[in-house]
Every structure is written in structure tokens, then in C-alpha cells.
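So, here's a batch of structures to check.
Both of the next two complexes hold chain A, though its partner changes from chain B to chain C.
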Partner chain A sequence: MTSMRLSGIKIGRRAALALALVTATSGFAFAQQTLKFGLAMPLTGGQASYGNDQVKAAQWAVEEINKAGGINGKKFEMVVLDTQADPQVGIQAVNRLISVDKVPAFITAWSGVVKAVAPIANDNKIVELSIGANAPDISKLGDYVYTTFPLADVDIRAVAEYSAKDMGKKKAAVLFINNETGIGSAEVYRDTFVKAGGQVVAYEAYDQKATDFTGPLLKIRASNPEIIHLQGLVSESPQVIAQARQLGITVPITSYSGIYNPKLIEQLGAAAEGVIATSLAPGASDSPAVKAYVDRWMKEAGRPPNGLPYTQYLYDAPYLVAAIFTSLDKKGVPLTGENVRKEMLAIKTFDLPLTGKVTFADDHTVNKPVYLVEVKGGKWTSKAVVNNK
Partner chain B sequence: MDYVYTILILIGLFVILASSFDLVIGHCGLISIAHPIFYAIGAYVSAMLAKEAAVPIPLAILCGGAAAFVSSVLVALPSLRVSGDYLLIASIGFQLGLIEFAKHIHSIGGAGGLTNIPPFLVNDYGRLSYVALVLAVAVLTVLFVRWLTHGPYGRMMAAMRDDELAFSMLGRNAIWLKVSVFAIGSGIAGVAGGLYAHYFRFLEPDQFGLLQSSAILTMVVVGGMRTTMGPVIGAIVLQILPQAITFFGLPPSILGPLQGLMFSGLVLFFMFARPQGLLAAPDIWAGRKAKAGEPRGLAKGGLADG
Partner chain C sequence: MMNVTVISQILWTSIATSSYFVLFAVAFALILKVNKVFNFAQAGMMSCGFYAAYVAVRVLELPGPFGFAAAVAGGAAMAFLLERFGFSVLRHRRASPMFVFIFTIIASQFIAYFMMMIFGTWPTTIFASMFWPVTLVGEVAVSAWDVPAIGATVAVLVGLWAFLRYTRYGQFMIAVADNADLAELYGIRKDRVLMVAMLAAGVIVGIGMFLYGTRAQVQPSAATELMLFAVAATVLGGIGNIWGAALAAVVLGVVQNSSILFIPSAWQGFLLYAFLFFAIVLFPSGFHLPERSKKLKRTVAAPVVATDGKGD
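Presenting the complex of A and B:
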């Protein structure tokens, strides 16, 4: 450590100042009893633009809860740490939340982090709430890992059933990106559509880095489908749709929540008409609360949040935790991970401000209505709400 | 205190990685930043052997190291036959290519990651035993690298690094030396990978990408290249700093950018203010007769002297 002195004089002085500041401020924290939970999200790195907006939404909710009296008059506090959406950084953050901040429950997202920290949650008997990650195996990560977010197959199943039953389509073509989620989701669509009485006439994949989709699209055109399901990423999906329309394919195209984005319409213009996507949360036209929420974003940030539905889920998360804490606190039961889990499963159904009701099923999944949206007149408009069984 | 144990384990692992990386890039002057892929190979091989073939975990970890050793020879042999920069290109290609490849193999978890890796020691002897194991391996690695670089082998590395042509003129085989050092460094990283896998029990291909490469490189550069304790100090400082910042109770809107700026800020600061790192490399092979003012080889250079 002697070597630190060589270059560290300036740093040392600042560190001392910062340290003094911390010790001064941390003194206040003990003045009032606080009930804490953790939030581990990417604040830096490639996913930061989403992570930061989600954290902001959660902070608003915590402020609102405290304004409304907190947890039976006690202060409700959220400890936020950075995960960079990286498993290893996430592990450190969650260990810190559990060992240092002693939270009985924490919220995290991004599949890699959710899975990496699951053993820590289970070993320490601390509730992990996954909010936003949708890998199907999240439901099988252990006793203490729950999700409030519907996993990948929920919205695909809804689209397939709606196409077959409500739209009355009998012949579907499936076009999907050749990666893990693409393959998995395409299978879910195919199986659901066939089960609902339809027939899959073409089942084509394209390479992840492809820019020309004429080959698979021509095969699809030759199979003469009544509807096409596109399972791609937000990056190349607009191009796939544009090329399909250029090739004279006019049948409706469905997709999933990934392409529900204002950019799609900007890029495609008139070619976007009739494209159907899904959303896992109600939109501004479905609920006044959501409208007020989006308006607040426009007022305070001057833009809609990145990944609006995800921020809605994150806004609701503190309300869910607060409901559990309030109930435990009223009974005078200590806030431990075990008790939080028990109470959460006992309450079972929570009514949340921006995403509606959520019910924890015994198989660690949740079921939510799927909102179908369609491009009409150059705007995303609500088409239908599908309730999965 | 799981939190402290986790930090100690990560410090230990990064000491192993930074020390073995310094052996490759510092002592031997081989420009490659693909160290994390050998860490990944060790981690995945060890995890799969223990999970699917029920191989005893200590043996699985060693097999992971061996797999990293062998694969690094396969990468180094063709690329080192040409010359220096090709190793950088070939190894990055290997790193990124293998990560993409791993994302598409279902049996090792694909892009979603490998879960339920069997734990080691923790359930029987507590977490502290694992901390002791990792720190012991870290100390052994540092001592081994020190022993290797301070002996005849180290003299060969220094000679080859400073003047490859002269080295070859003396009848030495530069290719053999480069490949063996690269393989030893990568093999050690593989062992670290096995140690990571059986404690944290989850692996994802993306975590072994260029971000981790730059983190390990930063540790070596900040600590001091070609020194025994430099990578150790670099690993400790760069593991503890991001953690320390979280204790300042800053709001997330400041915490985020601060964390992001820290690494690049540190690298820039050291590049300008102290290119030799916290510890400057002594010119161990200058000999006792070297006087002040005499040229002292390239011992004080940065990356560029490879």
C-alpha cells in the first residue's frame, strides 16, 4: 500500500472528504425506522438506457408511497445498485443487498442476472422478484425466485390463439430469427396455432445477421398463407416487413411485444399498416393511470420512457413490496425473507396501479392479459385484450 | 458475511487472472486480450464435467485448466508462426467466435446460460473454506509467476521480448517459448474459471466478452505491468473501488455515470500520469553492472513495446 502514496495524494484527500460526507449523512438514517428492499438494475453498460428509466419509475413509486404515509408511518426505502446486466456484477450487488443492507426481498431483471443471483436468494432465503426478464426457465430457479412479469410464451400463445380463433385464420406461415428466443418462440406459436385448429404451411428461419429476406419470404408467398407470424428482433423486423410488402405479400403480419415501438412506424410508413404486435401492459388509451404516467414522463423528461411496458412493471414493483411489508408490519411479524415469501403467497393477488392485477401461481409464473395492438392510420391502436387460460 | 466472502473470492480470482495475464502480455510481450475466453473454457468444461459426468470437482477444475491450456496452444500455434499482431487478431476472433458459438449450443445452456452447476466445499465446510481455497490458489499463482519470471525461463522471456531476432540468433526457439508461455497463462486462467463456476454456479457466454478483457487489462496496467505485485494490487483496487462507491449513498442518477466513468477515467489517468502503473517494473535483467544513464531496455515502456 505504500505505493498508493506516490500517486494517490489527490485521490486520498478527496476520498477522505467523501468519507466524512458519508459518515455525516448516514447518521440521519437511524433517526427514523426504515423498511428496506433492494433493486439491482443496469445503471451502466449497454442496457443502461432501459435500466435507468426503470429505476426512475420505481423511485417515483417509492416517493408516492412515502408521501401517502409509507409503511404504517414508517419510511419505505429502496436501495439501488448497478448490475450492468452482467451476472458477475449482479452477484456482487445482490450479495451486498443481502449482507450489508439486510433486505428481505429484492427486485432484479435481465435473464442472465436473474439466473446468476438465484442461488444466492435461495441459500439466504431472501425473496428475489424478477421483473422484466422473460426466459421461460425463470419459473424453475428455486423456492425464493418469483416473477411478476409474464414469461416468453404468454404473449406468443395469445397471438396464435387470437389469429386462429378470433381472426379465423386457418393457414399460417412462421418466419423467425435463428437464435434461442426466436427458435423457442416460433415453436410455441406453431404448437398453439395447430392446437387451435390451424395449419402451419411454412416454417422458415433467417440468419441473425441477414439483411436480405427474399428467400424465406418467397417460400412463404408460395405456400399461400392467410397470416404470417414474424418472430424477430426490433432491429431487423421492419426490414423483413418492408421486403414482404414489396414482394406483394399483403396478408396480415403478427409479431410480439419486441416490435411494439413507435420507431417501427417511423421506419416503415404506410407498409406498417395492419401489423399486429402485443404488449404485456395496458397502454395510455386503456387506462387513465397509464396516461397520467406517460404524461409525467413527457413533462419531466421530455420523452416517453424507453421500453414503456417494462417501466410500468417497475413502477408497480414497490407497491407490491409495500403491500407485503405493510401487512407483515401490521401483524408485528419481523420482516425476514421467509416471512415475506409466506405473506406474498398468502396475499396471492395484488392490484397494482399501472399493470393491473397480478396473481402468483404455484408454478412460479404469473398470468396476465395480453394487449394486442395494431398499426392503424399511422398509429399503434388497441385491437383486443386476450386472457390466457 | 457473504458479501465480504464474495468480494474476497472475486479479488482472488482476478488476482489469478491478472497475474497470469501479466505473464502473457507483460513478461512475454504477447499482445492478446482474449484471456477471458480461456477463463470461460475452464469454467464451462469444469461445470459440464461435474454436472453431466459427475467427475469429482477438484479433478473437473483441473480438467478445465487443461482444456484451456490445450485450446490456447491450438490458437497460438498457427498465429504465432506469422508474427505478433496476428495473435491479437486470431485470439479476439477466437474469443468472440467461441462466445457466439456457445450461445447456440443448447446442451451448455446457450445464450440463456448454464444453471445448476454443482457447488464445491460450501455445503460441507462453509463459505470461508472456499475463500481460503481461492486465496491459496491466488497466492500460489503469484508465487509461480514470480518463480517463472525470475529464473532462467524469465531471462529467456525478457531476451525474446526485448529483441526477438537476437534471441533467435542465439539458437533459441522463439515460437516454442511464446506458445508455452501463452498456454501456461491460459491454463491458469482456466483453473480460475473452474473455481468461479463451482462457487457462483451460473455461467453465461456474454460475461466473458471484451468488457472482461478490458477489466483484466486495466488491472494489469493500473497495477503495474511486469511486476509481481502490480497485478495483485490492480485486481484489489479495481474490485474494491466500484464497491466502495456504492457506500457513499449516492443517488442512482449519479452512481451510474460515476461507475461508468471510473474504469476509463482510471486508464486515462494512468496513461498520462503514471504509465508504468502503481508499481514500476524493476529491470530485473539489467544486471548488477547497469549504471544510471545507460539504456535500460524496454522495462519502462507500456503496451507498445511488445
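Presenting the complex of A and C:
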């Protein structure tokens, strides 16, 4: 009896061990069914209003991809981490995505962060997709850094050329925030405008922490420009425009997609008239898919997304990653950073739901039509579509 | 570029925009003088003042004056909470000044994150529109915001001066600032006086944030950056010198804005801190004007002279 009981206990222990092993193995097998990629965006801090909406757009896409069967039946997972749009925090987030979550590719934005984490992506041979940042030198950050978003030399070049050639402006002033985004884009505007036959009569930067812009605006006013290009952030751009109008500067003000937001009109009222912004994605009137997407925002969030075009790119990003993963998975090739990069370049052109076709050029850039929008009669109206050569 | 119009415009705008910085600096200097605390938690009082006004005007759609009252109440309410459940507790537990200082930094971040959770991080203003109409005085653009802002700041400064000089609690605050233990021996209730000082600072920053938030966008972390200017002005104005801090805030604003006439505008922030660096190194106790009372003290403390005409 005793021996039987003992053996029963032994059997029980073995059974438990086997059961534990089976459970662990099946758990491992189940974990392998999940194919991950990373998303590092500002979820807190000054840029979080944009970051959170972009993450939400990407989450919708991941949900829809999974609803449609995932990656060849396997679950598609997005690991989201906060960068606060701060390079240092971005480095921590990306290190974690690579070393803890073991992602073969990750998406990030904001030029400072994109640049700061590029060496990590290159050293670890993990694909970094910059989506939304537009500093021109992003195309030169290394073999593993790509963008699906046109860089500043696309939309800023378009707005500079349009100002000089189509609007016939001969004298421009450039006012920009003294950071990575501002400096690079201001240079592109200046060079393009001059090349198009115009003259840059004032070229002024303002401090990132400035709360008053009278000084640089007075310098600009003294230079008597026919048009002003403002390269700032959403947090201070409305105040810069308000102060410009208060100081009697009535010439058209161009900027980039950062200020393309309904809130600008609410904040500035009549002072917003004549402000021209860019958009790098089709609007609701240009595409039924975009209309359905905006309608979903209105239904679920009660408002359009902050920075609509950016969220369109972020919505499309998981579809791009999923296409690469699906192709590799079908071939039975392991999902490593090196393989993801090779496959991405092999596929080369992706047709995405909200922003259309994107082709990865050999120089790590992409080209897209630029939609110019202008505040007219108290609302954003379509002004022109510029196709860069 | 340098002409009378430009110089006048820069001077006017600098004075107008220094209005809220003066209030932030005065509040900071008041707490430093009376409560002997480098109160970085003032950023939390500022955020609370701003968002109270925001809720009143934008959420509850009340008229502007209610927003003003809400900003004052919000600043004062947060000041009360900080004193009652923070500084007072730390004092009774005999926390070291360094520990209290660390507490103020933690409290400011805690409040910023709390505000972030409630209001999000989207920058916003108290009124939907941030554009103020402009009147040309000569060639100088004077916005409809400028004069009321300067007027409110002057009114607050006069009110504070009168409060400190003519009210019992104002005089108690001066007594506690000079020697808290001695003041207690004379029957002054120190805790109550310190609470009054905090409430006064809360009211002042509430008004300051109402002014700022009607002109520029604010987000929960903005107050911390605005605070740095107040700290700089307080250091420059002489630690514990309320009126020196106010003057320093105006001077700093004018120097920073006027620098555009001589250097590229991108260097304005750099210039401010370069100016501060040298000012602190050369005048570690701040700038001081000669005080009449010192002459009086010298007269009183003159050596006793013996009746025979020889000193002892």
C-alpha cells in the first residue's frame, strides 16, 4: 500500500511536471504566434496631443489587421512606448523595444527622437521607420533608418516654390523655432525660394522657450517681405501669428502641416485669414477611405484627430509592417531586422489605405503630392496640389 | 532696423509681457522671505490657477470675470493645500530645508502630472480666442491686453505693499520674516502667518496665470518653465527682496527683448542666462540700493564718547 501510494505520489509529481512542461511549451508556442513591432511616440508631454491620436490611429489599424486574420493567422501585436518627444526618453524606449520586446522593426516620430535613436537601430540591425518627422537629414541616418513620410524638402520645397512661382512673391521672410525641425526646414525654404528666383529678406530664429515674439517679428516687419514662412510648433505658432497681425504684418503667412488644425482658426479668428499650411495626405473630400476614417473619429472621439494627415500616415504604418511580416512569414524566413529591411526594399512599393502608394527610393526618401490649404472665410479650404519633381 | 518706433515697441511689449513675470517673481520672493522656502511648488499653484479659470470660462462658459475669480481661487486653494498638508507637516516634523526644497519640486511635478491626467496635454488658453485687438499709439502697437495687464500688476503690487505695511497680518509677516522665533515670543502665531503668506502668493500667481493664459497657450508642464524666470528674477533682485524681484523681472524682460537689436533672436534665451550667470557671480547677494535705515543704525551705534572728550 505504502509503496503504491508512494508510487502514486511519484506518478502524480511526474504528471504535474509533465503538465507544467506541456503548459509552458504550449505557452511558448502560443507566444510565438504573436508577431510584434514597436511604436515609440510621445504619450505625455507637450506633443502628446498629437502622439496619442497617432497611436490611436495605429491601434485601429492593428485591430483591423487582426480582425482580417492577422499575419497568416498569427496575431499581429504593436508594443507602444512613450518618448515624450524627447530624444533621451526616446533612447530608453527604443532600447527597451529592442532588448526586452525583441521587435525586428519599430516606428517613431519627431525629428530629434528619430535622429537620437538611429544609431541604436543601425547597431542592432533593427528597422527604424520614421513616420511624421520631416528633418531633411533623416534620409542620411544609416542603412536601417527609413521614412514613409515625405521629408521637409518635399512639402517645404513645394510651399516655397508655390509662393515664388504661382503666387508671384519676390521677397520672403523666414521665421523659425531654434530646434532640429525648425533649422533644417527653414534652410530648405530659404534655398528653394532663392532658387525659384525670390529673395529672402529676413531669416530669424526664436528661442524654444520664448513667450513673446515681438523682437523677431519687428525685424521681419522692417525687412518689408511680401510673404512670411513660419516654421514653428503647434504650441507657439498661433501666438506668433497673432502677434504678427497685432504688429500690423498683413502679408500671407505660410507654414507646414503642423498648423493645419481647426483650433488655429478658433484661436485667431480673422487673424488666421490668409494662413497657408501644407498637408501630405489626401483630405476627406479627396478619398472615400479618408472620409470614413474622419467620420469614425467624429463618432468615437467627437472631434477630428489632431494633425489629421499625420494620423493617416500612422494608420497606414501597421499595414506596411504587416505586408512585410506576411511576406516573410509565408517564405518561412525568420523575422529579424535584417530580413525585414531586405523584404521591405524588395517589395519597394506599398499601396496603403489612407495615404496611397509609397515607394522607398534608394536614397531613403519618399515623394508624395503636397496639398496646400488656406484659411478662407473662417475655414480651411483647398488651395492647390503641388507635385514635386 | 534700430529706430524710435522699434525701440519704443520693444520697450512697451517688454513691459507689458513682464507683467505676469513680475507677479510670479513677487510671489516666489514673498514665500522665500516669509516662509524661508524656495517654493518650486509654486508651479503647481500656477497650474491650478490657470485650469480653474479654464474650467470656469471654457467648460462652464461663465463670463471672463468669473474666470478671473476662479484663477485667484484656484491659486489660493492649491496654496492652502500645500501649506496645510505639506509645509506645515514638514515644519512640525522638523524637516531640513533641503528636504523641504525637494518636497516643493516633487509637489510641482505631482501637480503637473495630475493636471495632465485631468486636462490632457493639448496647449490651450482661457478664452477661445487669443487674439487681442490693437490700437496704434503713434507707431507703437498697443494691444487690448497690454494696459489691463500692466494695470492689474501695478494694482497687485500696491495692494501687497499696503497689506504688508498697514495690516496686522502684513506686519506679522514682516516680523516672522525677520525672526520667526522672536515673533512667536511676542505672541504671533507663526503657522497662521505662514498660511496667510502662502494664500497671498496663491492669489498673486492666480492673477499672473490669468494674465498669461489669456495671451498664450498653456499646458500642464508650462508653469515649470515660467517659474524659472521668476527664480532668476528673485535671485537677481536679492534673495528675500520682494520689490527687487519685481524690478529684476521687468529688467530681465526688457534686456531679453531688447537684445534683438544687437544679436540674432535665437540667442535671446542664451543672453538671459549669460546675464544671470555673470550677475550671480559678481553680485551673489543680488543688487541692493542704499538703505536709509542703515545710516540710522550707524548713528545709533556710534561709539560712546567719554565726558572728557576721549573715546573709551
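Observations
The rule is simple: the second predicted complex is superposed on the first by the 235 of 389 C-alpha atoms of A that agree within 3 Å, B and C clash if a C-alpha of one lies under 4 Å from a C-alpha of the other, contacts with A are read in each partner's own complex, and residues count from 1 in each chain.
Here is the rule we use: contacts are C-beta pairs under 8 Å (C-beta built on N, C-alpha and C of every residue); 3 or more make two chains touch, one makes a residue touch a chain.
Quantities reported herein were computed from a predicted structural model and do not represent experimental measurements.
Residue contacts after overlaying the shared chain place A:Ser235 against chain C, while chain B stays out of touching range. In the superposition on chain A, A:Arg245 makes contact with chain C only, not with chain B.
In the superposed pair of complexes, A:Thr44 makes contact with chain B and with chain C alike.
Once chain A of one complex is fitted onto chain A of the other, the partner contacts of A:Arg341 are absent, as it touches neither chain B nor chain C.
When the shared chain is aligned, chain B comes close enough to touch A:Leu141, but chain C does not.
Of the two partner chains, chain C is the only one touched by A:Gly215; chain B is not. By the touch criterion stated above, A:Val100 is placed in contact with chain B alone, chain C being left untouched.
The intersection of chain A residues touching chain B with those touching chain C, taken from the two complexes, comprises 44-45, 48.
Within the complex formed with chain A, the chain C residues making contact are 1, 6, 9-10, 13-14, 17, 116, 120-123, 125, 128-132, 134, 136, 141, 143, 212, 215-217, 219, 221, 225-226, 257-261, 264-266, 268-270. Listing the residues of chain A that touch chain B in their complex gives 3-4, 6-7, 18, 21-22, 25-26, 43-45, 48, 52, 55, 59, 80-82, 84, 86-88, 91-93, 95-96, 98-100, 111-112, 115-116, 118-120, 124, 135, 137, 141, 179-181. Across the interface of their complex, chain C is touched by residues 44-49, 178, 204-212, 214-216, 218-219, 222, 234-236, 238-239, 242, 245-248, 266-271, 306 of chain A.
On chain B, the positions that touch chain A within their shared complex are 1-4, 6-7, 10, 103-104, 106, 110-113, 115, 119, 200-204, 206-207, 211, 233, 243, 246-249, 252-253, 255-257, 259-260, 273-274, 278-279.
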